[in-house]
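Naming follows writing order (A, B and C), and every chain is counted from residue 1.
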Amino acid sequence: MTRFILNRIFLAIPTLFFISVIVFYLSKLVPQDPVLSLMDLRGVDTSIDHDDVYEKIYKELNLDLPNFYFTIQPSHFPKTINQTFDTNKKDLYLKLLNSGYSFVDIEKAINNFSQKLDAAKASNNAADIIELNKVYNLESPEQHNGLAHLNDSKPKSFFWPSFYLNGFNNQYHKWLQSIFTNGFGISILDGMTAILKVKKALTWTLSITLIDFFLSLLFGIFIGTYLATNEKGRWQKTFSQILYFLYSIPVFWFATMMVVYFTTDDYGWWTDWFPSVAIDIYPGKSTFQQILMNAEKFILPILILTLHSLAYITRLVRRSVLDELDKPYALLAFSKGLDKTEVIRKHILKNALIPTITSMASAFANAFAGSLVLEVIFNIPGMGRLLVSSMESADWNVVFCITLLLSFVTIVSFIIADILYAYVNPKIELNAKT
Amino acid sequence: MKINLAYKSIGLSTKQFCGLLVFCLFAIAHNFIANDKYLIGKTQTGFGLFVESEDAKYGIKAIIPYSANTVDKYNRKVGPFSKQKVSSLYYRHWLGTDSIGRDVLAGIINGSYIALLVGLFTVIISLILGIFFGFLSGYYGDTGVQLRKPTFVLWMILTLLCWFYSFYTFGFVAFIFFILPLLVLGFLVNNVSGISRGGFCFPFDTIIFRMIEIISSIPGLFLILIILTVLGKPSIWNVIIIIGLLRWPIVARHLRAEILKIKEEQFIDSAKSIGQTDVKIFLYHVLPMAASPLIIISAFGFATSILLESTLSFLGIGVPLGEVTWGSLIKEARFHFDAWWLALFPGLMIYGLIYLFNSIGDNINHKIRNI
Amino acid sequence: MRYLSIVCSLIFLLSCQSDNSKNERSTQLEEVNIRIDRDPGLINPFYAYTSIGRNVFPYLFLPLADFHPETLQISPILIEEIPSAKEVKVNDQILLAYDLTMKEDAVWPDGKPLTAKDYLFTIAMIKHPESKISAWRPYFTAMKKIELDKSNPKKFRILLDSSYMLALEAALTCYVMPSHKHDPNGFLTDNIDNIFNESYTTNDSTEINVVEAVNKTMNEKKEIFQIGPYFISDFQIDEYLILEANSDYWGKNYPDVPALQANPKKIILRIVPDEITASSMIKDGQLDFMEMRNSNTFLDLKNDDNFNKVWTFHVPQVLRYYFLCLNNKSPIFSDKIVRRAFAHLVDVEDIMENIDGGLGIRTTGPFHPTKTYYDKTIPSTPYDVEKAISLLKEAGWNDTDGDGIRDKIINGKKETLKVEFLFTGSQLAKNIGLLFQETAKEAGVEITLVKKKLALMNKENLDVFDYDIAALAVTVDQADDDPYSRWHSDSAVPGKRNKSGFSNVTADRLIEKIRTTRDKKERYQAYKDLQTVFVEEQPVIFLYCPLQKFIVNNKLDAVTTSKRPGYMANTFKLVE
């Protein structure tokens, strides 16, 4: 068993590595300039040119280093392209390099060009500045050549790859290090460490998802077994219908309808079923205490979430119990005249839950996604709301912190599911590969 | 009668089939059902399609005389039962209007078009990728593809080069470069497979399973939100492609399991022994047998994609703003508690469609189990 | 089915009983709960602060003088009275001298008196090259010297030149830093004459250490040591921020100065991003005061009979105007006829009356209608599609290829009237865009809506004049407008604040006249002339000035004003 667990954890490491690489490159794709955001945070007036400050922060954020442990790029690309800190210039370099001009030619042409731009700026000639800026953005192919004055130098039409090793002195490595030492960097909104913000939000989300998860599991197994074993029972049809209804209903719509109609008495005296949706923050209390004090406010969101995942789990359990009931051992047990509930409880349920367990992990991950929408609607300061608000304000450190953390939680829940699976079904351990 | 048989044979009930038909009809003909222009109008130059009302002398109007974006400024936020300032019953807003006076019914019709677009294309993308990878991992497994070591080294070099160039070229050429190594591998395998001992086994199963694990480890909705925000420009096609890319692992996993079952059968070996190629065996023998589970997954996938899209529109991310979708209508309802029709009708549509596709999936499932 | 639903509803009813015991009345106002829609983030007015930060720092930081929330005249806070100018000759230059005295009993929280040295230190920090308060520097270029009074530590004199019409306002509305805390040895204050020199640089490590130490405090919320009536006792990001009144505050000797009041013992600012949630919180009695953005929700609540018994609705003016910024440098909008045609395509009355619930005042220019120099006789541009079409035809835009969209050959290139409408994502701006889209379609113009964050929009579009139309709002000050930065052609270069790129010789001349004329009557005439130019040229489409929307609990005696943020929570009292 220990070997299996170790093996499973060992296998998760490459997964985590790849996810971190994906997240890292996503963070590089973000349209926001991290240096400018930090300058804003530090109160540097970004409307004025601050090349020196910009460069300082650029280096501070390690943006001048190569991206990864190794670099593969066309041979005429310079090794130190990241050291150009002026983003416009860098884009220009890349565009021209991509069309095959050699670095030396480009540098010459750009120096030429920036002198012109400086002259235009000095004389405050607006029309010229705009025209030159357009060239800088390379809006049309003619400008391409026009700018570059590269008419006398020929672009390469074919290039070979070259390969460099960068060692540990690269952005990805430093980024990974900063996660452990620095907690994902700081939020550009308030200068607080991203991980601290996320931690607090996670407490809220986890408490909701865990309660939801256990409640739906408890009722799901019970109802699912009931439905499967009483195919012609009295409640069978009603329950199935309700469950089908709950299974198909979109969470966000359900929640919106409940909030709109059943938290106020606007539509009649009898519609005020639930307390209003606003979480009451009691200042000075810990997050956990806050959750306890707001217990009644959680009834509606947890109810909605639970009903939704209940439908999912019940269907799973019902399906696998039905499958087990068809198996010879069950038929034998019944034909021997054993007590029905006893057989179901002792034999069938145990076997039926095995396939259910693997689905639990994804059900848990689903619960997170479901809570995202609910947090937005119910104003719960959890991960979902934090994610949406951070994305709106381009607070990317927090966003990527949430993504990595959630992936981690998902992977861990997958591992736990696998281990549980192996525990209840030792056969798996022997031929387990994935 | 024939069509009757066709849908019955895969397990659809008449009700479901009609529902599907009506939905597709609404979606495809959305421009003809709800439009503020003349569908066919007589202008000075002759007859034309979609003629502006001012230019036309006469013509045929649509059943609903409003497009999804038409603003009726005399009827803002009116309910279906409240008094409306309209000239005749024909111009009545049967399901009310939103806060700036757009017809909800026309919006719902437009929303059904978006829903079909999203559902259909995400399913197609996920099927193409899922079948491809599912085939590789299920059919070949970890030991099915053997290469001579030198061939493998050459192939690796080719792959790296191709991917390198696909990174520095754009558009269709990049795609060709990306896919080329796999095609070449197909040729190499057919020549080499099973001949050499001690060659290099290409571990498709392990690699693809790792890929699937990585993709399913990142919470889908979160990832979609982030990618869409990073991409910046809202477009329905971005939404479709990303949902499609995130959903193929499910298809691949089920297909793999199915193939593992089918591979045990005798006829695969006999087909191999008469010299059928792997691709032919897969297309003519394996895929038809695995079709039913794939249809089920597609039906559920359709429902999930629609749900995801409407959730995204509800959060206001990814879908262009001028576009009226079911999710965007419900979003509007959150700002107007008293306008119950804004939340109710589009929500019922989403619910109805998801219910339809889920029950279709279930019915087919049921049918297969009972054969 | 029926049984089940009854059982379910019974369970629900039993389990959820709303708790309304909150609205207990007491005689002393213990706390007020105020909703803000985002975390204030940075709140130090010296450094960067967010627009939400404005809801926080007025209770912590105090300026020498500020605009009075009711009279809107500049009135003293930390100083005894607003000084009058004396002309003084220094080094052959005529300067305006103002004598100021700090209030006698004004003390810092540690009991040390507020002195002229504190102000001197603040100015030194603003002017110091190593300091990060760079945003403030341009407003203080007109300040040439500060002289301390040797006999009275509270008395000092500032000397300004006349290069900037708002120099005195800037000098007086400046907040003060405690010099005894940051610079007890006087490294900076003793060196003040050098620091006033524009080209001053230093390598003196003791001096730089002082400046750096102050720079480091800028993001610290709990460390704020200031002279205001409140201090931050607790905060949780994205949840709340609690301000607690200083015990035995010196400001209670001045009941007529609103900024010095500390009536509620606690001000709790609650961060509730979602307006719907906020409105249900207010129904629950968890909030005492809130600002709303969405007029519809506001009016719905106002018309709710149960609700308006407990709550009052305030709609004070705010010095803000909405406009659709047109890119005057693009080939389409460089033609003023096209700009005028587009102005005819926006049904401003309809938007204001029906979409924004009638909570606004129509404006024809960038000056707020409540300002004395606003010319009410100028008629606003009416909504008239026919007129717009004829104007577009006049400008040479015709639909030559029959696709329903007008086109024109400009500089040998065929341009079509397809324009992008940028907005920041507010519900109102979206609705304006959707309506504009529809009316524009009739005139043969295609508009696509693009949502973009303001910071990104600024960087990618507005700053480089790469856009067509952008829906923007501008908030202005109580002081007389200085149109230079937004409408002068000097500012119409990339990176400066004239985002529309408007440049007009007559307008430039008038703006320069406004900036340098000291005679009020003459200056106001220039303002009026400038408005005529704006109507004629239509540099942007001016929409209207919105009203602020506040909901106040009836138990509170709250005064709302047009001074940002529209209320002063420290003056709230219980209704007797």
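FYI, a residue touches a chain if its C-beta (ideal position, glycine included) is under 8 Å from a C-beta of that chain, and two chains touch if they have at least 3 such contacts.
The model shown is predicted, which means the values in this text are computed figures rather than measured ones.
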Query - Chain whose Cα centroid lies at the greatest distance from that of chain B - result: C
Report task. Please work out which of B-C and A-B is bridged by more C-beta pairs in contact, and write that pair. Result -> A-B
Query raised in the report: Just by CA atoms, which chain is the most central one?
Result: A
Requested in this report: Go ahead and note the Å separation of the Cα centroids belonging to chain A and chain C.
Outcome: 35
Query raised in the report: At what distance in angstrom does the C-alpha mean of chain C lie from that of chain B?
Result: 46
Report task. Find the geometric centre of each of chain A and chain B from their Cα atoms only, then give the gap between the two centres in Å, rounded to an integer. Result -> 22
Report task. Enumerate the residues of chain C that touch no fewer than two other chains. Result -> 276, 425
Query - Set of chain B residues in contact with two or more other chains - result: 334, 337-338
**Report entry** Per-residue multi-chain contacts in chain A, two or more chains
**Finding:** 31, 264, 266, 376-377
Report summary line: Seen from chain A, its contact residues with chain B in the complex are 14-15, 18-19, 22, 26, 29-31, 72, 74, 98, 159, 161, 244-245, 247-253, 256-257, 260-261, 264, 266-267, 362, 365, 368-369, 372-373, 376-377, 387-388, 391, 399, 402-403, 406-407, 410-411, 414, 434
**Report entry** Footprint of chain C on chain A - complex, ascending
**Finding:** 31-33, 36, 40-45, 47-49, 124, 126, 129-130, 133, 137, 189-192, 197, 200-201, 238, 241-242, 259, 263-264, 266, 272-278, 280-281, 283-284, 296, 299-300, 376-379, 381, 385-386, 389, 392-394
Query - chain A contact footprint on chain B (complex, rising order) - result: 160-161, 164, 168, 206, 209-210, 213-214, 216-223, 225-227, 229-230, 232, 303, 307, 310-311, 314-315, 317, 327, 330, 333-334, 337-338, 340, 343-344, 347, 350-351, 354-355, 358-359
Requested in this report: Give every residue of chain C touching chain B within the complex, in rising order.
Outcome: 275-276, 294, 296-297, 300, 347, 350, 354-355, 404, 425, 427, 430-431, 433-435, 437-438, 448-451
Query raised in the report: For chain C, which residues are in contact with chain A within the complex?
Result: 1, 4, 9, 12-13, 15-19, 38-39, 41-42, 47-48, 132-135, 218-219, 234, 236-240, 242, 268, 270, 272-274, 276-278, 280-281, 283-284, 286, 304, 329, 425, 453, 455-456, 459, 464-465, 489-490, 492-497, 501, 503
